[in-house]
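Each of the two complexes below includes chain A, the first together with chain B, the second together with chain C.
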Partner chain A sequence: MKLDKYLEMIRIRFLMMLAYRTNYYTGILIYSINIGAYYFLWSAIYGSKEQIQGLSVTQMTTYVAISWMARAFYFNNLDREMAMEIKEGRVAVELIRPYNYLGMKTMQGLGEGIFRLIFFSVPGFILVYLLFPIQLSWKPDIWALFAVSILLSFFINTELNLLTGITTFFLYNNTGLIRAKRVVIDLFSGLLLPMSFFPGWAQEVMRYLPFQGISYIPSMIFTEGFTHHQAFEAIGQQFLWVILLFIPIRLIWSIAKKQIVIQGG
Partner chain B sequence: MNAIEVKNLRKEFKAYSSRSGLAGAFRDLFTRNYKIIPAVNDINFTVKQGEMVGYIGENGAGKSTTIKMLTGILTPTSGEITVNGMNPHKEREKFVQTIGVVFGQRSQLWWDIAVQESFRLLKKVYKVSDEQYNNHMDHVIKTLDIEPLLDKPVRKLSLGQRMRCELAAALIHNPPLLFLDEPTIGLDVLVKLKIRDFLKEINEKYNTTILLTTHDLSDIEALCERVIMLDEGKVIYDGALKKLKETMDDGKEVQFQFLQNVDLTQVTALTAGMPVKWELNEKEQLFTAYIEDQDELISQLISKVVSAYKIKDIKINETSTEELIRNIYEKGAVEVG
Partner chain C sequence: MFYVKIFFQYMSQYIKTRLQYRTDIFVEFFSDLLSQAINLIFILVVFGHTQFLNGWNRDEIIFIYGFFLVPFAVFSAFFNIWDFNERYIVKGELDRILTRPIHSLFQIILERMELEALLGAITGLAVMLYAGLHLHINVEWYDPLLFIFFVIGGVLIYGGIFIMLACISFWADARTSLMPMMYNISNYGRYPVNIYNHIIRFVLTWILPFAFVGVYPAAFFLEKQEWFWYSFLTPVMGIIFFTISVILWNQGIKRYRGAGN
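Then we have the complex of A and B:
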């Protein structure tokens, strides 16, 4: 079967993550501290106000918690890994394999994501749930929509990472670009601040960019900040971005393959 | 059938140079100087199925660049390549299924996980059935003696252990063509011997074509009947290793060490009239006579010297392949009649 090798790759990445367990324990700690810090910050901002921009303080806390937990799933360092592989010439080994390099990278990201979802987001969320006032919905339809939505977040984020990674073929050193991309995504995806807190014109601009599909949409679905109708529309938008981003990747990849220079040896 | 056909193959790289000084650095921001350098310069050769060919050359001669084009990693600037009946770059995914590659300087196994996990993934990647895998790999694993290494993570293996696993990994799908880019670099003699024996065996058993680049000429001598020699991107010799040796053979060298004090003029005078050239290594008081490879001449020389002086040690050496190759590079070309 054709998918076989890709599924095997997910398993391999899973094993690799298990080989470095310490990273994983410190990760839980860092995420919990982050969520705690944002909780206290937002409590101070809310003060005695019931609502800001249509969100209550409990919804806000839930939003922050779920954004970070979802991030554990969609976040990966594929761009940095690709940059390393290209700079050190290890990409040569990838190109002599009968598989699609970018497809394999995506699967590695997915393996990493699933690992973190199971061993990191779930226990982390339970911890956060016990510590902070969080409102959880138990409606199965919300959970289903959320599941679809974070899967699409993963693909949008991964596609942006692949795009950034491929630029190494042209720029040779793109550390700055990778760092810039990360800041842009954290800010414009709604991880640090829900989109509804941005000024009106910025919200308008964001509507035409893929970033809010990464964090804002799944988090809003989970906190029930969206109506059903809005949720479907938002998921449609995410899906559109997954397809749209595929085009430049194919384009740049085929150019890159032609003018590849393998470093060293 | 030809496993590899290469016609007028050429690969050019842009080599950027930096201007000097601060002002130069600023100018470099906008326009940069570069030269176009042909790393591989119009080469032609064919390799038949089942041949073992040594592809040799100095560092930077273009060996690795050629291998990368043959394996479909790099696109040639111009020229034609047909490997296993396919164009490596155009039909990459189908093509790489028919080759195995070992890069001595970089690992193709996953660093943090056990060797057998890498094998398992590669087995899936190359769509090898359980039956094929067991038939073929059981033997490979036994011959290379890597059974006890399979459950260890690659990062914990020694270089020799890792290389043996790399070789096994390249053979999981039993490819008809094997590229080995410096497979024995940094290995000890025992591992080298094991790898050579193994390569010979699979060549005989499966008629596997092997293209080998190496700096260790003993590898080539042990394995390859044919060598292709590359210098500055051009093929300077393509043919049998034996023939190369015969044509390039400058004769033998006879080394003497004497018990008494002798100097160079004395020995030269002694053998006057004979086609001998003397050299003296002053530190070790080692006299070397270069002479044509004729039994008669050599015995004459020895008898003359021995009857005149007391001798501590005497050695007859053939010119080694290393020396031969060095001579060729110094001259820059080979003419084989």
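Then we have the complex of A and C:
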């Protein structure tokens, strides 16, 4: 397997996104509005409380801000793109090309993610930093752990997207499923609220699911809600999910390729 | 009367086409319910850690959310104009609309209705019933009547704002990305306005009056006397915003010169 064609995919997607960069200014505003809503909500929830579940209100604001900005990096519409390509039959051409279709999709997603990291997350975070009381850590080790962690959350999220995308082969129309998956991820990944806020039994269930590796873990590392030891353990958990999710993808993909129906031509 | 007849004809056509793809509707119902459930779970989890949100308790917040779902469902069912620019202006579909014998805005509303969204109103009523029973709310004879007025007011506010946004396309090459932003802002109205600072509160009351779709009218049924004045303003704001939007729309239609090529 040669790597350079995949790297080229990242580059091309990056340039493609660059051409439409003005679309992103409103995106930053939308995210800031969301962060603002949650900031006021959390301030009211905290009221006069010093901390809830070990997080102070400043840490909570930071948590919300970084979760949304990290989302810009790991989020992609690969499931929807795959569904379109499968429905329109374009996937047939994709399959005869000399690369791994799923690998190529992942690289496109990464190109998109890197683009958004530079043009969306960074300016967005600066804007939010100016607007709301956010506590920023300057420890290089925190940043290093965070970087590893969001890269892994990108892979977990992308793998889940690929899985959802592949189901189009069996369901033909899966827009409902795609939407349902997105809502579930928003809640169970810890984007809307940290896992530690859930009741004990729910936390126990969530521990065995991949979702918290998407948002909760990197955000907790960033807000220093985790100790070093916890952070290493959590990253190990993320890594495990990246590998584990690979198995069903390979399995379902090989079944899907056998029963592919190309409509039209 | 002609309009009413056309409305029901479109409606029956719509139901026929939708019933062709039953599994599709089912999945859509399910994912709608799921996203409503997730908002509820959020409220429930949050109130596991606090008793009051600036003086509002858990069931009151749930009640507000339930109320919000009703006008929002009606709005989503009839005002699907978030892609107006792309669908009608860029593709020139508006030319076709203008040849029709009914008002252009009404024609678009008919074409783009999504009746399945109305299911959200049932969820909303159920949520309100649940919260209302916990709060021991007394229902007076005029409450259902006022409820209907408030819901209509909320729908008109939502509709008015989104029609105005759609109108931008007549004057400028607008991007539809303003619409998702408005959906996000509208979420602010689901929570008591007194948790926000006064600038946001002012915006939510007078400029983008989403507070009239959730908190203000709901406050009436929750017997929060200090907000009563705002509650009764709901239908008024609805009429004002909707009227302005229709005037703007008519002006815009006059300006419209076709997509041309």
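In this text, the second predicted complex is superposed on the first by the 263 of 265 C-alpha atoms of A that agree within 3 Å, B and C clash if a C-alpha of one lies under 4 Å from a C-alpha of the other, contacts with A are read in each partner's own complex, and residues count from 1 in each chain.
We take it that contacts are C-beta pairs under 8 Å (C-beta built on N, C-alpha and C of every residue); 3 or more make two chains touch, one makes a residue touch a chain.
The structure displayed is predicted, hence computed values, not measured ones.
S.K.: If we overlay the two complexes on their shared chain A, which of chain B and chain C does A:A147 touch? Say first, second, both or neither.
M.R.: neither
S.K.: Touch test for A:I255: chain B only (first), chain C only (second), both, or neither?
M.R.: In the superposed model, A:I255 contacts neither chain B nor chain C.
S.K.: Residues of chain A touched: more by chain B or chain C?
M.R.: C
S.K.: Between chain B (first) and chain C (second), which, if any, makes contact with A:A44: first, second, both or neither?
M.R.: It touches chain C, and chain B stays clear.
S.K.: Applying the touch criterion given at the start, work out whether A:Y20 contacts chain B, chain C, both or neither, answering first, second, both or neither.
M.R.: first
S.K.: Would you check which partner chain A:I126 touches, where first means chain B only, second means chain C only, and both and neither mean what they say?
M.R.: So A:I126 meets neither chain B nor chain C here.
S.K.: Answer with first, second, both or neither: which of chain B and chain C does A:L240 touch in the superposed model?
M.R.: Neither partner.
S.K.: Considering only the contact definition stated at the top, list the common interface residues of chain A for chain B and chain C.
M.R.: On chain A, no residue contacts both chain B in one structure and chain C in the other.
S.K.: For chain B, which residues count as touching chain A in their complex?
M.R.: Residues of chain B touching chain A: 13, 64, 68, 71-75, 92-94, 96-97, 99, 101, 103, 105-108, 110, 112-113, 117-118, 120-121, 124-127, 153, 181.
S.K.: Taking the complex as given, what residues does chain A use to touch chain B?
M.R.: 4-5, 8-9, 12, 15-16, 19-20, 88-90, 92-93, 95-100, 257-262, 264-265
S.K.: Touching chain A in the complex: which residues of chain C?
M.R.: 21, 24, 27-28, 30-31, 34-35, 38, 41-42, 45-46, 48-50, 52-54, 175, 177-178, 180-181, 184-185, 187-188, 191-192, 195-197, 200
S.K.: List the residues on chain A that touch chain C in their complex, please.
M.R.: 23, 26-27, 29-30, 33-34, 36-37, 40-41, 43-47, 49, 52-53, 173-177, 179-180, 183-184, 186-187, 192-193, 197-199
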